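Several structures are given next for inspection.
Paired with chain B in one complex and with chain C in the other, chain A is shared by the two complexes that follow.
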Partner chain A sequence: MSELIAYLIVGIATGSIYALAAIGFTLVWQTSQTINFAQGEFVMLPAILVLLAVKLLGVPIPVALLLGAVAFVLLFGVGFKRFVVDPMLPHGVLPLAIATMALAIIMKEGAKDGFSAEAQSFPSPFPSDAIQILGTAISLQFVMTIVVAFATIAALQWFVTRTRTGRQMQASAQNPTVARILGIPVERMVMLTFVINAALAALASFLISPIYLAKFSNGETIGLFAFIAAIVGGFNQVRGALLGGILVGIFDSLAAAYVSTSYRLAVPLALLVVIILVKPEGLLGRKEERHV
Partner chain B sequence: MATDPASPATDAPILEMQDVVGGYGRMTILNGTTFAVRRGTITTVIGPNGAGKSTCFKAVFGLLPLRSGRIRFNGTDVTGWTPRRLLEAGIVYIPQGRNIFPELSVRHNLEFGAVAAGPHIKDMPARIEAALDRFPSLREKADVQASTLSGGQQKQLEIMRGLLLDPSLILIDEPSIGLSPMLVQETFGILRELRDRGVTILMVEQNARSALEISDEGLVLELGQARLQGPARDILDDPRVAQLFLGGAMQPAA
Partner chain C sequence: MNARTDFAAVGQGAPRRALSRIDPALVSIVLAAAILWFAPVGMGRYGTYVLTLWLVMAIAVMGLNLTLGVAGLKSLAQAAFMGIGAYTVGILTAKAGMSWYPAFAIATLATFAMGIVVGFPALRVRAHYLAFVTLAFTSLVWLVLRNEEWLTGGTFGLSNIPRPTLFGARLDDALSFHRFVVVVTMILTLAIWWLLRSPWGRAFLALRENPVRAASLGVDVRAYTLLAFAIGSAYGGMAGALYAPLVEFIDPSPFAISASFFLLLMVVAGGSGYLFGPFVGALLGVVLPEWLRFTGGLYLIIFAAIVLLLLIACPKGVLGLAEMLWARAARLVRRTP
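Up next, the complex of A and B:
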């Protein structure tokens, strides 16, 4: 029993990290039809940048975290939009999706050649103590990961629904033509979603790397799980991506514990197949309407 | 007589289109469109499908790059201005169809009407309350999703939203589409009330007869050019207009 609770909490912790990536994924999809196949690499790279800053500049960890996050948001929030999405989007959704696949390869190989092919330990911002939850000893690392991820998602949800800027962002995603007619700075709002996506990815990176170590190939699994989470939850909703992320995390954790570590990738995929068969619009998704 | 440049003479047109040429891709829709809209009137633009009525509005509102020509608002050249700048200057555009955000509340939809004024507009809550007071059926639904509104209420919401910054010119495209005859009359009633308060309204309507009946002026567009303009009564009674709507080309003016 206590073992099950431990696996559940670990699942929720990693799931909340997948949720961060999945939410960013749906945001950029909604505002600019970008299916970012480099999303996993987006979560892999910030940790590498932080380690690089420590190695090259010799700065302390907190400074390195800040530098890494800022550099990543500039390069892969603003820069990604400017230099990948903007030039490719006029050619269609598919060419853009393929461009993001190319970007994923570049990021992965870049991290390998530019930093290290080995998994590197990444400092945790949280103490390594364990606390008792329902009679089970749980590392504070997992508990704090859940707290930070949920607080971030709640803050994002508050921003999107309760602030004027957030609602202008929603309007720009839902109907850019009307948004423009009302004088909403649609371009700026779209850029904002890319900045938020990069920031969420950086946070996810800093939360997951202490658990799974920082490695150039981390993006493969994370990207796949974030993608599955987004589809399972419903592609057009923050709440959906959150639910999808948690489900995938729990499935992954339980599968690794009770089925087999070598089949762990297959279990979330099976979840994906079931959802697509039973509820193709996702658990919390709306049926997509297309106006012609 | 000297005129105050800040408040243009009332007989000066509020909007002028001069030799406007534009279209989509290689297709030219506006073909040297030239007309002027009198201040304080309801002016209805009629014409066959493809005459360029809606395109005209898009051109005025900065949504269609012009190949040539000029557009003046209150005597100022506004050619190529962005929608935001035009909103600030006092023009609003209400396109045809549904232009609300169904998942947001009525109040939040309404709020978007003041976006162009920037974040610091002080009396916005008061303006929103005043707008809701004018339409009691919307006040009841202020905090529910706009998707629950009827078609007529959605159009009213769009008009209300457009009024939040006290525009002096409203471009409204096919307000009657999808509305029952009673709601059409109600919507036209709102437009007349606005006109009586000094707002100029330029409207495109497929429903030409009932629109001209509540209008001061009529304007006939054909093949992207203004063919006829005059008091709405005269346009209504003009046999050439009837012929145009029956599909034939217009005879040259007698």
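Up next, the complex of A and C:
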């Protein structure tokens, strides 16, 4: 029993990190129809940048975290939107999706050649002391990960639904033409979603790298889980991505413990197929209407 | 079905006009095959191997080009289908002692059937779901290839895969196997060429351009998308079935997700939707690394960066770019008397 609780909490912790990546993914998808196949690499890279800053500049960890996050948001939030998405959008959704695959290869190989092909340990921002939850010893690291991820998602949800800018952002996503007529700076709002996406990816990176180490190939699994989370939860909802992420995390954690470690990846994949067959709009998703 | 009646009329056309009706694409295919038949002379073993690899990859890219460039479906499973084809042939020939031909047929049918099984749930819903379902499928196939050691040899792979024989003659040396692949590639290219001109091909194009309109004209959208995907997958399987005897040793690594990304980039780099796009794309993806050898491991980055720049400048790939430049040059020539 206590073992089960431990696996559940680990699952929720990693799941809430996948949820961060999935939320960024759906935000960008909603406002600019960009299917970002590099989302996994977006989560892989910030940690590598931080380690690179420590190695090259010799700065302490907190400064490196800040530097890494800022550099990443500038490069892959603003830069990605400005130099990859903007020139490609007129060509349609398909070339853009493929361009993100090219970007994924560049990021992955760049991390491998520019930094290291080996997994590197990444300092945890939280102490690893164990605390007692329901009679089970749980590392504080997992608990704090859950707290930070949930707080971020709650703040984001508040921003999107309760603030003026957030609602302008939603309007830009739902109907850019009308939003523009109403005087909403749609372009700036779209840029904002790319910045938020990059920031969420950086946070996810800093939370997951202490658990799974920082490695150039991490993006494949993280990206896959973020996509699954987005689809399982429903492509057009922040809440959906959160639920999807946590489900994927729990499935993955339980599969690793009770099914087999070599096939743990297969269980979330099965979840994806079941959802697509049974409830293709996702657990919390709205049905999309078809435009003729 | 207008297209069908048109083509019936072509068939009944006067024989003396047949010469002017010969398709330039058809001539190019046969001519290219003839050149490739003799191309490796003096290239040595390794040069011939690279040339053959180019053709094998071109077959896989050709299948993906049908799925993506013609029917407009993003599939991330082409590497997995290649892997299934390669392992089917590898296991049946090296382990069970079967001849290459029935093994090739089984690999083709198996990947075609799997294309239908994988494509069905995704295409039931929405076309862009196919990308995620195929992504999941590729991971699953890779897991099976890596974990089922009793069947696939796991990470150690399968070795000593025999090359096919032809009328009793063994095709063991690089040159004769290359010529064998040239003939197979020519047949498969002709098949695609024929398919694209057939009413089926027209229906695929209609699906990409405007699915709703295609449906209203009586095209069974679901059946045709599924068919395009399954045929494209079978091409992946056939490419794998040639890849296994070419390299004579297979392990799971060339069939992972990143290989599927890479294949898609080759489609786009060559020019998606063009008949010869896959050959240009595979040339960039297979032969370019040979030229970029001096850069060490950086060739993947350079290739991806080239594709990215190409997509930004001209999303229709190298052939689209050539077409654009050609049109511009023709206009210039016409303007200057």
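Operating definition for what follows: the second predicted complex is superposed on the first by the 289 of 292 C-alpha atoms of A that agree within 3 Å, B and C clash if a C-alpha of one lies under 4 Å from a C-alpha of the other, contacts with A are read in each partner's own complex, and residues count from 1 in each chain.
Here is the rule we go by: contacts are C-beta pairs under 8 Å (C-beta built on N, C-alpha and C of every residue); 3 or more make two chains touch, one makes a residue touch a chain.
Just so it is clear, the structure is predicted and the values come from calculations on it, not from any experiment.
When both complexes are superposed on chain A, chain B and chain C fit side by side without a clash. In the superposition on chain A, no contact is made by A:56 with either chain B or chain C.
By the document's definition of touching, neither partner reaches A:154: not chain B, not chain C.
Touch criterion met: A:178 reaches chain B, while chain C stays clear of it.
Once the two structures are overlaid on chain A, chain A sits at the apex of an angle of 90° toward chain B and chain C, using CA centres and rounding to a multiple of 10.
Once the two complexes are overlaid on the shared chain, A:4 sits clear of chain B and of chain C alike.
In the superposition on chain A, contact of A:164 is made with chain B only, not with chain C.
The wider contact with chain A, measured as residues touched, comes from C rather than the other of chain B and chain C. The least CA distance from chain B to chain C in the superposed model is 19 Å. On chain C, the positions that touch chain A within their shared complex are 68, 72, 74, 121-122, 124-126, 128-129, 131-133, 135-136, 139-140, 143, 146-147, 212, 256-258, 261-262, 264-265, 268, 296-298, 300-301, 303-305, 307-308, 311-312, 315. Interface of chain B with chain A (complex): residues 61, 63, 83-84, 87-88, 93, 95, 99-101, 103-104, 108, 111-113, 115-116, 119, 161. Residue ranges on chain A touching chain B, taken from their complex, read 164, 167-168, 170-171, 174-175, 177-185. Residue ranges on chain A touching chain C, taken from their complex, read 35, 37, 84, 87-88, 91-92, 94-95, 97-99, 101-106, 108-110, 112-113, 220, 224, 227-228, 231, 262-263, 265-266, 269, 272-273, 276-277, 280, 288, 290, 292.
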